[in-house]
Structures are given as structure tokens and as C-alpha cells.
Amino acid sequence: MSSVRLLKYASRRLALLPVQLLLVSLIVFVLVRQMPGDPTFLYTGPFATTERVAEVRKQLGLDEPTYVQYVRYLERIAYGDFGLSMRTSQPVVADLRQRLPATMELILYAVVFSVLIGVPLGVYTAIRSKGALNRGVFVYGMTSGALPDFWFALVAIFIFFYKLHWLPGPIGRIDLLISKPQNISGLYTVDALLTGNWPALASASGQLVLPVATLVFIYMSLVLKNTRSAMEDMLRSEFVTYARAAGLPRLMQWRYALRNAMPPIITVTGILTWFLLGGAVLVETVFAWGGLGQYAVQSVVNSDYAALQAVVLFSAVFTMVIFLLVDLAYFLIDPRIK
Amino acid sequence: MAPILELRELSVSYETQGGARAVLSKLSLDVSAGEALGIVGESGSGKTVLVRSILGLLDPPFRTDHGTVVFEGRDLRQLDEQSFRQLRGGSIALTTPEPRKHLNPLISIGRQIVNVLRAHQTLAEQAARTRTIELLRAVGIPDPERRLAAYPHELSGGMCQRVIIAMALAHQTKLLLVDEPTAGLDVTISRQILDLMHELAVSHGTALMLVSRDLGVVAHYCRRVAVMYDGRIVEDAPVEAFFAGPAHPYSRQLLRAAAASRGKRGAEKRVDALAEPARTGCPFRPRCPVAVAACATAVPALQQVAAGRRARCLRAEALLRQELAA
Amino acid sequence: MSSDNPSLPATPLPRVGQQTAWRDFLSFTRQRGGFQLGLAIVALSLGLAVFGPHIGPYPTETALPGMPLQPPSWRHWMGTDVSNMDIFSRVIAAPRIDLTIALVSTAIAFAGGVALGVISGFFGGGRGVPKLLSEGIMRAADIIQAFPVFIFALALVGFRGPGTENVIAALAFLNIPYFLRITRGAVLQVRERPFVEAQRCAGNSEWRIAFVHVMPNALTPPLANISPTIGFSILLTSGLSFVGAGVPVPTPEWGSMIAIGAPNMMTGQWWTALFPGLVLGIVILGYALVGDGLKEFLDPVNKR
Amino acid sequence: MAATLLQVSDLTKIFPVGGGHQLKAVSEVSFTIRRGEALALVGESGSGKTTTGRCLLRLIEPTAGHIQFDGVDILAQTQRQFRALRPRMQMVFQEPYDSLSPRMRVGRIIEEPLRMLPELDAAERQRRALEVLGMVRLGRAAYDRYPHQFSAGQQQRIGIARALVTRPDLVLLDEPTSALDVSVRAEILDLLSDLQAELGLAYLFISHDLTAVRRVCQRVAIMYLGRIVETGETEQIFEAPLHPYSRALLSSVLYPDPASRLSRYVLTGEIPSPIDLPQGCHLASRCPMVEPRCRSAYPPMDRFGEGRSVACYRAQEMRALGGLTTH
């Protein structure tokens, strides 16, 4: 019964995806055309002859009308052809495939820890609205949102790596002297665990601590604040007051409130993931993480347009999938959604 | 009959940045077992706060400053949270206005009733379900077995009110606090609900404390009426006597205002019906057509003015005589 | 009205004109330390944006003679960087560029977002051309917000090339959907209120109702969000500059100063990146505090 | 007998609700209002009374039907042409505060409708505003203040002043007292009655508050699920309603008098969903008098004496039930 309902909803929601993809691709297409000057010169160099320029223009399809160029562009991305990276001289798709797991590992741990810490803390501070913990959480909420993540990462490196020597330096995902674990999922910690490669597991975990801690510290307040305010709203709601008047135990009142606070908490987890994808760019750069974010930065700095375009497109698709999952979770929790 | 609920000098205030403001001022009131008492008052009179303070549901910025709430011989204000919890929804139950807002929107109504049942007695899941079906049937919900799985948004306002009543009367309820039973319901539906509530209360021997702004509801479903103004009881009388001729000028205004025909204004002094309560003396003074100089000195006491009738007015007896003469 | 919640007797206190509003604001401010702190920081940052480049003890874009990377001292309060530029002078000069970018981009985003938000909110659910317009605006906003903010900013600047104007354009563009949504949300509520229908009965045209009657009543949320958006824009600008996609060196800018100092953090010269970041954090905090305070002040629920 | 001011015939409003379903909020509603007469449109939620009122002022465009205002077919007009008639048809809203622009001074709020009368200059507009403020018993001081500085009852008087400033012939009163406390409600109702008498206004009073209706209106039309089931003189209908629904509705009224016992007339069940109503009488599923023909065709409006019409096949038999009041 309810699984039929879910299937119906999911298929209806999924049907939106192609339209969204089309629009996203259009935006990226327009974005690419923001480039100053004629991209032909990127290929020919500034001193090419007019004939040479015309030839390259034709090769690139730039002599055709804009909409034809857009359709060609769609065809290419439909086949997964994003062109060659000018910097790595590899197909962009291969570059992405190599770097994606690094970013995913970072974001995954950051989301998991933000939720594991932020939600209980938010619930607790909503229930106990006074006390030192509450004041501490308030100050944390104010400051964490104001601090730049890349700066926080640098300060953390200075303290824990340079001063205290507790944690490894910003040299990527794994110690240079330790061989990478066999590639299964691409997430080093998971692969190391699966293959029982303990030295790799230890090193990969150690390398993860600072970047993940940075992201959690900076972005967790989003989850914390939203959980707290959703929970506070629900605790004040008529139905929790009524539950109290009907003699339900405290714990049950809190459960009623938490259940109704879940939809906003799920939404904010989606938003957090979306934010982290952006936030990871800078943190990856600081830690030389070798993921998508760092790739994006290098593409910008080196005017590697094909690569940049692919990263932007991917990040939008990733976001849409995340919000699709959020919608589905929402649907499962709230019977009022049709 | 001995009262089951005795309020003595109950004072509640509301904390604002400009200092505390009294919401209930030394309010004293009794409810006898099995009786139906109507509390009438307009917005801001404090009647909803009164209900909430009996159940100990007031949260800051509301604060109970003073007084006792004695239920069956126990002072509820001294009760520990655990015993009070057993009492709420057990011996004292509440029904609310706008019932749908007071039900958890994400949980089926069957589950919500089961939760209430099991909060008060040890009951196996299956037994609780059976009892829930009985209750739903008792409050006139058709096809109760199927309705167990329904969510509040799938039910009409009247049906939600019936669910609330089912929860309120699930136990040996001695006192049912009924807050604005007709708010948000259509005329024909609210009449059905009131009939049901009245019937169940009579058959269970439950005392009703019915809070409403609607004098018609009180006239037809209560035996006694207490009128509130500015956090105080200003009149307390048997229903028949009250509607035949109120002893307080505020009650008289209310009654005239609620009438279906305009009536004659007579030679009465015109007063501003919207004036704020006075801070000194009788609070009703600015709106009172029969006020005299003495009304400005102190808040009048709630005095016996006839058998079983109390009024908080210096001129109550004069008023009653006039009325009786007319 | 008192039926659902115990509430105070509704006493409409006399509140006449601007003077009372100002007095309300002062008494509100007096009770909130955080808001005062925020106002002070904002005022200071604005002051530095005007005078900062001129009041520092050393030049802001040229290397000083002598050894680079001097630690903080009486001569150099925040030390010097790898090119031996005085960090303090540069830190207080940075608001010039950072605030210009943030203020201009936020102003554009506010104007654009509010206008589009009123149109999309007021005409959504209607018919004909305005309805299509409203739908189109919303879909466009959805799609723009599908891109993670920083990546999109990076790409915009990446494709258009670095430089102040491009950073401003990118930030304005990115923040328009944000103001749009906030305004639209408020308009959707305001438009349901009966006074809108009353204006129809009074013979007003739909566009006049939207912009003369509805908009002024829907401005509170977007206004309260100006300050945090300025803070957020400063943060984004510094992030872009940190990776070399924003304000080019050697213009004093907090993000690029942190980037210059980054390698030194791993070799122990902590002052190079610490101070610019700390000041940056304090300024953003200031704008966030002001935003929170204004939100609370403008929220009618919190009044009394 | 006074001239007809408003004639509504076969007014219908259908809202599509998705999935091919229809919500027929108003079906073939007809009624007239004479100059200076107060007609009440009464019904429970979903009866279509509010939609009907909105259609008259063209705040909603009806699906079908005719509305003649003082001889002019207003539905044949464009919205722009209709603006010339708007000053003659004004409205008072349910929520006193929410119907006033919160950031405008009272004077400006009241003068806003006068923008439709460009022949008036600023001084004349102000004179008119002060005049109506006086009529609703608010002083000149109100002119320069903001709506939130007034109590709910005063705000409603401002709303009434705004409706009167263009000197309309017809005022639509949409639940004007539902949001008010009992004593304030009485003030407003009495004010409305006085103004009607003084200015010769016609009212369409939309309400579910039956005691209020009885206090103000000369005639009543009772609606159920989009249709008028009965119309007539107020006292006639309140004393002895002839439609089963009217009877059930009016016998549910609780008068503030414990001695008044009405003979109850109870319908089973609740109001069904107004979406995709079956053909035949809308009350058929709940009516104790239901017969097979009630389910096949909607009963026509039959006349029962002067100004009285009932849409029920068995109205004659209802008459035998007699009056509502029992002593």
C-alpha cells in the first residue's frame, strides 16, 4: 500500500529530473559562452593566420548558429564526452572519475559527523533551554558561521601538525610512503577496511581528521541551529501541549516533537551536503586533497574550460540527486504529502 | 455536594519587559462532582489561562504567583510531576478548540489514542487497540476499525473533535475541562459535538467545566455559570437565575449583546463598550452605566447577593431589585 | 482570539510616528549586548572602508626593505609577510575592496531579488502572462540554486576572468535567488491578507497593488537579510581570492592575504594568515549579529 | 415596493481541482436585493456563500450567470469598465486588522477608494473621509493614526468607513463580526443597522452567525453546498423553515436563553465533500425526508407566498412540522 504510494511519487518526482538536467545544461552552456574573446585562439594561439582560425572555428563548430551549437553540446555530454583537459591532457571524464571518490569520502564523513553531533545537541538544547551548554552552543553557532573554512583549516594545521605534531600535514589523502589500498569503492578508508590493509587505514583516517573536523566545525552549526529551532517550534506546538494535557510521559512528548521536527532536519541535511560540496573546494585546496574541488580550482587558475565546465555540471547533478532523496524522505515521513 | 475542584485565590501573571501583568487575580471557584459549570468571558478575560493553570500547563512567561488548586483534596501545585502526569488525561481531561491542531499530524489517530491509554494503565497492544475501537465507536465515529489508521488531516474538524473526546473520556474522568468547544466548527456540527459531550459526561458522572465566549452554549449545557472579566470572577450564579436577570452590569451587557434582537436601550447612560479595564477600583468602571463614586476606591468583593449567587459589584442588589421589579 | 493560546489582553499602546520607532530601536539596542557589538563592528568596518588605506603606518602594496616574515612587534603589530609587507596596514586597508564588492553586489541582489520576488509571489497562481512570468522566474531561481554556491561563483569568475567587476557580478547573480525566495515567501503571505482584496475593491490595478500595497509589507524579511548577506559576500570574496580567482594580488584583501600566508603557517610563521582571517571572521560576525538583531527587532512576534 | 438594485441569475462558479475533478462552489444561484434592503447569505463551510459574494464584486470571475447591478450587466463589462461601478459596490471584511494596510494612516486608507472618483480634489477627499469617520463614531483624531493603534472594534469601524466613503448603494458585509468579541460584535451590528436606515444602504450580509443575521437583515437566503435552498423574510424563515437543511441549521442555534427550547431537527452525518457532487439534491445523503426523485434531479425553487422560495420536493410536508419554537 504505502510502497505503491512511494513508487508513484518517486516516479513522478523522477520525471522532473530530465527537465532539470536540460535547464542545468543550458545554464552551463551559457556560462561557457561568458568567456571573453574567441575561444578559437585558445587552440590556435594568438598569431595564427586567418585561414587557420577559420579552419579551427569550423572544427569546433563555432561557425554554426547558437542553437545548433547547443544541440551539438547536448549530444556530446549525452555520450559523456566532455573533451580533453588542457592541463592534464586526459579526457575530463577520466580526471573526474579519478578525483570523485576523494571528495565523496570527505563529504560523507563530514555529513555523518555533523548529523551525529548536531542533531542530538540541537534536540538537547531545545529541551533544556538554559545552562552553560546552551550558552556555549549559542556562541559556537554565531562564530562558526563567520569563520572562513580555509583559514580555520590553516590554523588547525598550524596547531595540530606544526606545534603539537599530533596529526599529519596537508599532503593529501594518504601518506606518500604508504601504498594506496586496492581500489574497490575508491574511498580509502572503506577499501582499506575491506581488504584488511591496516597501515593504509590508519594513514587514510589520520589524513581525514583535520579536513573533516574543519568542515564539521564550520558547517555543523547549520544542522544544530535548524534542529534546535524546529524542535523548539514543535515543543511549543498545540499538539505537544495537548499530549502533555493528556498525561503522556515526557519522553513521549519529546518523541512527538522530534518526529514532527524531522522534515526540516532532513531538509537541512540536504542543504548541508550541498554546502559541503562548495565548502570542500577550499578545504581540499588547503589539504592538497586531490578531489573535485581542487580540480575545479586548478581548472580556473589554468583556464582549463572543458574541465571547469564538467565540474560545474556534475555539481549541479549531484545537488539535484541530493534534493531528490530529501523529497523522498520527506514523503515517507509526512502522510500529508500527496 | 462536595466540590472536587477548589480554586483558592489563584493568581497568575504574565512576565513582560515592562514588568509582570496580572492575568488571574486571586480567583476562587469551586466545581462540584458531576456538575456542569460554564465559564464565560471575552478575549483577554483569562479564561483559557485558567484552564491551563488548573492542569499545570502554564509555561513562562506565565507564572502562577499565589493560591491553591485543590483537586479531590490534593493541592495540585504541590504535586510532583509524575503524579500530576497520571492525573492529566486521567482524572482531569481537556478538550480543545481547533481540534485538528491539537492532534499530532504525523501519527495515526489510532496510535495516538493507544499512546494515551498506555500512558495511564498497563495495557497490552492488542487490548489497547480493542479499547480504542470501543472508544471511537462510543464517540460516534463510523467504521472505527478502519479509522484507526487515519491521520488527522484525513478527518473533518468534527471527527477530530470526537477523537479528542474519545481520549478525554478514556479513563475514569472526574473533571472534563472543555475549552471553546464550538470554535472552528460549523453550527450543526458543534451542536452534535456538544450533545455528545454532554451525554457522555452525564453517563460517566463527569463534572464539566465548559469555557466559552458563547452564552448560548452555556445557557443550554450548564447548570451554573461564572462570568470572568479582567482575570476575576465577577458573577457566579445558577443558569436559570442568571439568564433571567444578571446581577453584574457586565453580565447584563454580554447578555444584551448576544441577543438575536436589538432590544431597547432605555434611558441607560451611553458608555464606551471598548474601554480598557481600569487599573484602580472596579476594573469594569469605565464601561459601567451604573457606576458610582464608590466604585473608584477599591475592587469590590465577590459577595453573596441571593441564594447561590455571588456578584462582584457594589450595586448588584440594587440591580437585581430593579430587574425583579421590571 | 484567545481560544488557541493563552494570550495577553490586546492593548493597543499608542505609538505615534517615527519618534517612537526610533525610541523603540534605542531601547531594544540597549538591552542587547550582541547587537551593540555587531553595530560597532559594522561601523568600524565601514569606517575602515573609507579611511583604511590611508591611516596605516606603512604602504599597503609595496615591500619594505629588510628581512621578510618578521613576527609581530611594536614596529609591525601583526608582523610582516613573505614580501615584507606590513600585515597590519594591509589588514585595515582590505575593507576598501572587500566591502565595496560586498555592498555593491548585495545592493544589486536586493533590488533584483525583491522586484522579481514581488512579481513571482504576487502573480503566482494567477493566469496569463504574469503567471508565466512568475513561473519562469521561479524555475530560473531553482536552476541557479542547483549549483553549489562556491563552485558556481568560481565558474562565473573562471569563465569571465578574475577582477573586481566580475566578482561583483557573480555575487550579485548568486544572491538574487536568495532575496527572491525570501521576498516571495513574504509576498505569498501578505497577498492572502484581506487588505489586498480591499485595495481591489478600491479600484487599484494589480501592478499597483503588488508594488504599492503589498511590497512595503513584505520588505521586512529581505531587509533583515541584507546584513548577513553582506557578511556572506565578504566570505565568498575572500574564498575566491584565496584560490586566486578573486581580487588579484597585491591589492590588500583578506582572502588573498591568507593565501599569501598559507605556506608560512606550515613552517611556523603563524601571524601571516592568522590576523587577516581573524579580522575577517570578526567582521563577518559583526554583520551576522546585526542581521540577527534586526530580525528580532523587526519580527512583530517579539514586540513586547 | 422599492426598485431592484441587484439581480443575480444562475450564477455558477466552478473551480478545477486537478485530476479532472471539479469543485462547483456555486451552482445556479439566483437572488435579488432591493434598494435599502439587507439580505443575508447564510451557510456553513463549503456552502459557497463567500464565493458568491466575491463574484458579485468580480474579485473572482464567475463561470456562468448574469449579474445586473442597477440595470447594468456587470459581467459583460471588462475589469476596466467595471471600475466605474466599483464606487457603488463596496465591501467590509471579516478580519478587522488584516483588511487595513498596516503601513498606511487611517486617512489614506479611507481615501484610497476615492482615487476612483478623479473629480474629487484633495480637500474634498479629506472632507469626505472625515465625514465617514464621524458616521462610524470615530473622531477626527483617527485620521492621522495607524490601524494598529486601534482596538479590533475600532478597526472594523474604519473598515466600514472605507466602504462608505464612495457613497455606495450596496455594501457586501463578509462575516463582519466573526472575529470580534460578543460585546464588540453587538456594537458593530447595531452600527450597521443604524447606517442602513440613515443612508438607505443595501447590504449583502454573508455570515454563519445566525443570531447576527437575525439582528440585522430583513431577508435571508440559506445556502448548502453551492445552492440556495431557501429564501424569504428573516422572521418567517427563523420561525418556520421549510427546507430540511434550513430546519436543521436553524434548530441548531443556541439562543442565550435556557428557556428557549427549539424542536431539534437532526441530519445524519457531516457535510460531504463539495468535489464532484452527484446529481440530484445535495442534501439527499443526509436528509430524513429523502425520496427516490430527490436523487435523480435537483428540486426546482418553488414559491411559497410573498418573497418565499424553497428548493425541496417535500416542502409542503415540512410546513406540517410547524414552527421551531416550543414552549
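Order of writing sets the labels: A, B, C and D. Residues in every chain begin at 1.
Just so it is clear, a contact is a pair of C-beta atoms (placed from the backbone, for glycine too) under 8 Å apart; a residue touches a chain by one contact, two chains touch by 3 or more.
Please read these numbers as outputs of a predicted model, since none were measured by experiment.
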item: Chain labels contacting chain A and also chain D; value: B, C
item: Chain closest to the assembly centre - both centres taken as Cα means; value: C
item: Chain B and chain C, separation of their C-alpha mean positions in angstrom; value: 50
item: Between chain B and chain A, distance of the C-alpha-averaged centres to the nearest whole Å; value: 54
item: Centroid distance [mean C-alpha coordinates] between chain C and chain A, Å; value: 23
item: Multi-chain contact sites of chain C, meaning residues that touch two or more partners; value: 1, 4-5, 10
item: Per-residue multi-chain contacts in chain D, two or more chains; value: 151, 181
item: Shared-contact residues (touching 2 or more other chains) in chain A; value: 238
item: Of all residues in chain A, those that touch chain B in their complex; value: 237-239, 241-249, 252, 256, 259-260, 333-336
item: Chain D-facing residues of chain C, complex; value: 1, 10, 12, 14-16, 193-195, 197-204, 213, 216-217
item: Chain D - residues contacting chain B, complex; value: 44-45, 151, 153-154, 181-187, 189-190, 193, 208, 210-211, 214-215, 248-249, 252-259, 266-267, 270-271
item: Residue ranges of chain D in contact with chain C within the complex; value: 57, 59, 83, 86-87, 89-91, 93-95, 98-103, 112-113, 115-116, 145-146, 148-152, 159, 162-163, 179, 181
item: Complex contact set, residues of chain B against chain A; value: 55, 57, 85-90, 93-94, 96, 98, 101-107, 115-116, 119-120, 151, 153, 164, 167-168
